[in-house]
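Two complexes are shown next, each including chain A; its partner changes from chain B in the first to chain C in the second.
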Partner chain A sequence: MMRQDRPLLAGLSFLLLALLAASFLVGSVPVPAGQMLAALWGQGDGALVLVAQEIRLPRALLGALVGAGLGMAGAALQGYLRNPLAEPGLIGASSAASLGAVLVIYFGLSATWPLSLPLAGMAGAGLAVLLIQGLAGRDASVLLLILAGMAVQSLAASLTALALNLAPNPHAALEIAFWLLGSLTDRTNQHLLLAGPFILAGLWLLASDGRALDALGLGERTAASLGVNLAGLRRRVVLGTVLAVGASVAVTGAIGFIGLVVPHLLRRVTGHQPSRLLWPSALAGACLLLAADLLVRLLPTNDELKLGVVSGLIGAPFFFHLLLRTRADLR
Partner chain B sequence: MRRAALSWMAAALLAAACAAVPVGAAAPARIISLSLCTDQFLLAVAARDQIAGLTHLAGDPHLSPYAAQAAGLFLHDGTAEQVLLQHPDLVLAGSFARGATVEMLERLGVPVLRLKSPRSLAEIPDQVEQVANAVGRPEAGRALAASLRARLAPAATPFASAALYRPGGEVPGARSLVADMMQVAGLANSGGRLTGRPNGRVAVESLVLDPPNLLVLDSVRPDRPGIGQSVLSHPALAAGAAGLRTVNFPILYWLCASPASIDGAYILASRARQALAAGQGGAS
Partner chain C sequence: MSRLEATQIHLSRGPRPVLTGVDFAVAAGQCVGLIGPNGAGKSTLLSVLAGLLEPSGGQVSLDGTPLAAVPRADRARRIGYLEQGAACHWPLRVDRVVTLGRLPHASPWGGESPADRAAIARAMDQCEVSHLAARTVTHLSGGERARVMLARALAGEPALLLADEPAAGLDPHHQLHVMELLAGLAAAGTGVVVVLHDLALAARYCTHLVLLDEAGLVAASGPPAALLADGVMERVYGVELLRGERDGVPYVLPWRQRPVREQQA
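After this line comes the complex of A and B, so read on.
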């Protein structure tokens, strides 16, 4: 981490705190901020305390953690695969994590053994990352990576739909929107406790790879000659992504594009070194997700919008822009 | 000769009766119902040996109040093929599903009685009479309809407010059979006020901050887990916000508007009183 990035990190941290507060203070029922904050410490009306501690707190914290995980995983994957379009959603890791979560929730395993939920999400994400590596390999062209990602994504989405249709719950098929687009609505402290530790572990693992990723940017041989253990780096990046993305998606569904948009916006400030990009990406990812979740709650739609709709509305045009810019590579 | 001519005429009459919905003529002998809701009217008024087929849902004790009576009867899968092979002389169809099947049956000359699903409890006795006339048992229909009407006395002033809470946070509002049954049970439905629309979703937060006296749950199925189901066991609701009591009510009474819905209103009233009394007795 470089000294010149301190203003950026401080600004993003400040923004994150402001958005956390806003996320805690905005809800479907307007409550004065003072009462809400008092209720967080257990003071005031019993119902308000419940809303503060059991509904809004987990939503805000989970939003920040999931955003941070997706943002940093995007930055790390782009550095590791040396590909500007690598992103947990686009390479299919998110959809595959959804599939894992759907399997354990709808067939009853997570009810008896809650820890199976993040584990299944991570297993799904892990399979997707390994599949992508097998299909496209590292140093693949942008086009090959996107195509491989699309294949994994559509396979995972189809299997998710199939699993939901086979589930004993006849309404399960209607819940596919949650798994494909993601939502933080009415997530509980249990979800936070289940996913939080894994996401934090993933963040820590990815953040410690900054220097090695910098070296990898110079090419594999150069990196090896600089003392980077390439096999070890690969294990750490894959495991970190799997921890952060798998656990996130298992409790919120697949929220797309955060990991694509955030590193690209930040590169204008930090330049192209992965080590300078990782922590800012985590902070900005958290900010973006919280902002999207605020928007979801403030828009006067009939039903609360799914988060993936908002992140897609922001991310997809951005994706177009990136495609236009990298068009030369695609030919 | 005369006897042969007479029997020939009788056969011709019978064939004519089969070709159209009979109006007080010979009672249909092979009746098939195409929807869970029409199943219930048929079971309530027809003789058992008149019923040639019901939907496969009619035997599900979670969904059908007459599941015990449906046991042993033929349950079809709703395709025109299965229905035709039973050679029905009357088919009862609901207003929602199986539009294509019904059209095909009509094209093939099978008499079909399309029933509009009742939108209120008061319309249920009327439909009982309509179905009873169609199956040739008007007296049975009149008797059942009269006893149902007698039990539909206007409710006293509500003794508690209530909202039905379904998977995914869905809350049926003011314009529904649910609201009607609550009214007869002496409950004021606050669903419409919570959602601000006839039907909609309610966030757990809104429910905790503006709780009805009673939260009615009709779809808790631990054996069928899902994201929607998980909302029903949200800790903020389980912890029991001030004054919020929950009561479990079998969905089968208001899934379809049927004669059993009127029993259901009374069952709802007694369960609601029990839950509120238990809440006051063992209040924390």
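After this line comes the complex of A and C, so read on.
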């Protein structure tokens, strides 16, 4: 991390704290901030304490963690694949995590045992990575990795569609469809405790790869000559992504584009250096997700908009914009 | 005193042998030119010497230790490697690119030490790129970028420097400058291996030449004057060379092609 990035990191941290506070204080029922804060420490009305400790707090913290995981995973993958269009979804981890969760809903297991949902999501992401490793081989090139990721992704997407197709009743189909849209609504401390450690472990793995990612910008051969363990780096980036993204998707559903948009916004301010992009992307990812989640709660729609819908609506045009800009270089 | 030695290196790509029983050695103070026609395996041999490619037979040793047994970080500090046509994928500032060359010396806690800063400034000065420090590397001309990449390799202050065509794409002034720089490094105690296509530069600046032929065999090795004298270069390249000498230094000029295959048949 470089000294010149301190103002950026400080600014983003401040913004994150402000958004955390806002996320905690804003809800469907307006409550004065003082009462809300008191309830956080267990004082005041019992129902309010429950809302503060069991609903608002986990939602805000989970939003920040998931956003940080998606943001940093995007930055790390873009650095690793040397492609500004790369996204955690690219290596198939997101879709496979979705599939795992969908299967649990399909077989009705999630109704009797709620924790099976996140567990199945992470198992899906883990299986996807094992499959990719098997498909691409141990010392696979970046291109082979992307192709294997695409294969896994399309397989997971078809199986998810199959589950929707064969859903036993309309209610189950609706539940799957809603879950696929991605949301932070009604997430509890259980979700937070289950996903949190994995996301943090993923962040730690990815954050420690900064220098190797910088060296990789000079090409694999030169990076290896500078002492970078290419196979080790690949394992760390893939595992870090699975932990951060798999755990996130498993508890919140599919929330796309954070990993694409955030690093792109910050690339210029961090001098295009992959190592300097990692932590700012985590902070900004957390901010963006919290802001989007605030938006879905504040928008006067009949049914609450799903977070994945909002992030997609913000992200997809961004993807077009990026493609148009990259198109000139690709010709 | 650093010494890098390769014995009986064999390497195949598919059914085609790329290197066949190649012996090679470079020691501190030498500037060894690796020459040969296209596809002779020069770059492959350089990768093997740098420990980036595992040969299917033979061994590379660094100061008597098998290269595969030298810890990765240690190898990176002692052997510098400059890739052919080296480029940077991201539009980084030039001084940040050169700083990447200090990676083998980086402390786990980050930050640049005074030694880092001195090495970076010296490397940029040697390669005449100090004035480009704040420019974006992807916006440079080919020649400027080649010098920046050489500075990147020099910033690591390796005892052995392996450079793959560092003079390619440079104008005559900078070609001479780079070759003088490499010869100067060798004279000051670095072991230099340089892949060259330009026979004039090879003959003029290298202390030794190793000539690979199209079968991946060492056709000849020794001081430039000896290789020029016995006509082996003309046979392997299939060209006629004009030769001369000035102030005791040999020079050559490829003059016209000779039908290399018919001659062999």
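The criterion applied here is as follows: the second predicted complex is superposed on the first by the 265 of 331 C-alpha atoms of A that agree within 3 Å, B and C clash if a C-alpha of one lies under 4 Å from a C-alpha of the other, contacts with A are read in each partner's own complex, and residues count from 1 in each chain.
Assume contacts are C-beta pairs under 8 Å (C-beta built on N, C-alpha and C of every residue); 3 or more make two chains touch, one makes a residue touch a chain.
Because the structure is a prediction, the values reported are computed rather than measured.
**Q** Determine, under the contact definition given at the top, whether A:56 touches first (chain B), second (chain C), both, or neither.
**A** The first partner, chain B, only.
**Q** Which holds for A:29: it touches chain B only (first), chain C only (second), both, or neither?
**A** Once the two structures are laid over each other on A, A:29 reaches chain B alone.
**Q** After superposition on the shared chain, which partner residues are touched by A:42: those of chain B (first), chain C (second), both, or neither?
**A** After superposing on A, A:42 lies clear of both chain B and chain C.
**Q** I want to verify the contact counts: of chain B and chain C, which reaches more residues of chain A?
**A** Tallying touched residues of chain A, the top partner is B.
**Q** After lining up the shared chain so the two structures overlap, which partner does A:7 touch, if you call chain B first and chain C second: first, second, both or neither?
**A** In the superposed model, A:7 contacts neither chain B nor chain C.
**Q** After superposition on the shared chain, which partner residues are touched by A:304: those of chain B (first), chain C (second), both, or neither?
**A** The answer is first: A:304 touches chain B but not chain C.
**Q** Return first, second, both or neither, reflecting whether A:317 touches chain B, chain C, both chains, or no partner chain.
**A** neither
**Q** Touching residues of chain C toward chain A in the complex: what are they?
**A** Spelled out, the residues of chain C in touch with chain A are 47, 50, 52, 72-73, 75-77, 79-81, 83, 86-93, 96-97, 100-101, 103-104, 106, 110, 152, 156.
**Q** Given the complex with chain C, which residues does chain A contribute to the contact?
**A** Against chain C, chain A makes touches at 1, 82, 211, 214-219, 221-222, 224-229, 271-274.
**Q** Which chain B residues qualify as touching chain A in the complex?
**A** The contact residues of chain B facing chain A are 167-169, 197, 200-201, 203-206, 208-211, 221-229, 231, 234-236, 239, 241-242.
**Q** Note which residues of chain A are touching chain B in the complex, please.
**A** 27-29, 31, 45-48, 50-51, 54-56, 105-108, 110-111, 167-172, 174-175, 178-179, 185-186, 188-190, 302-304
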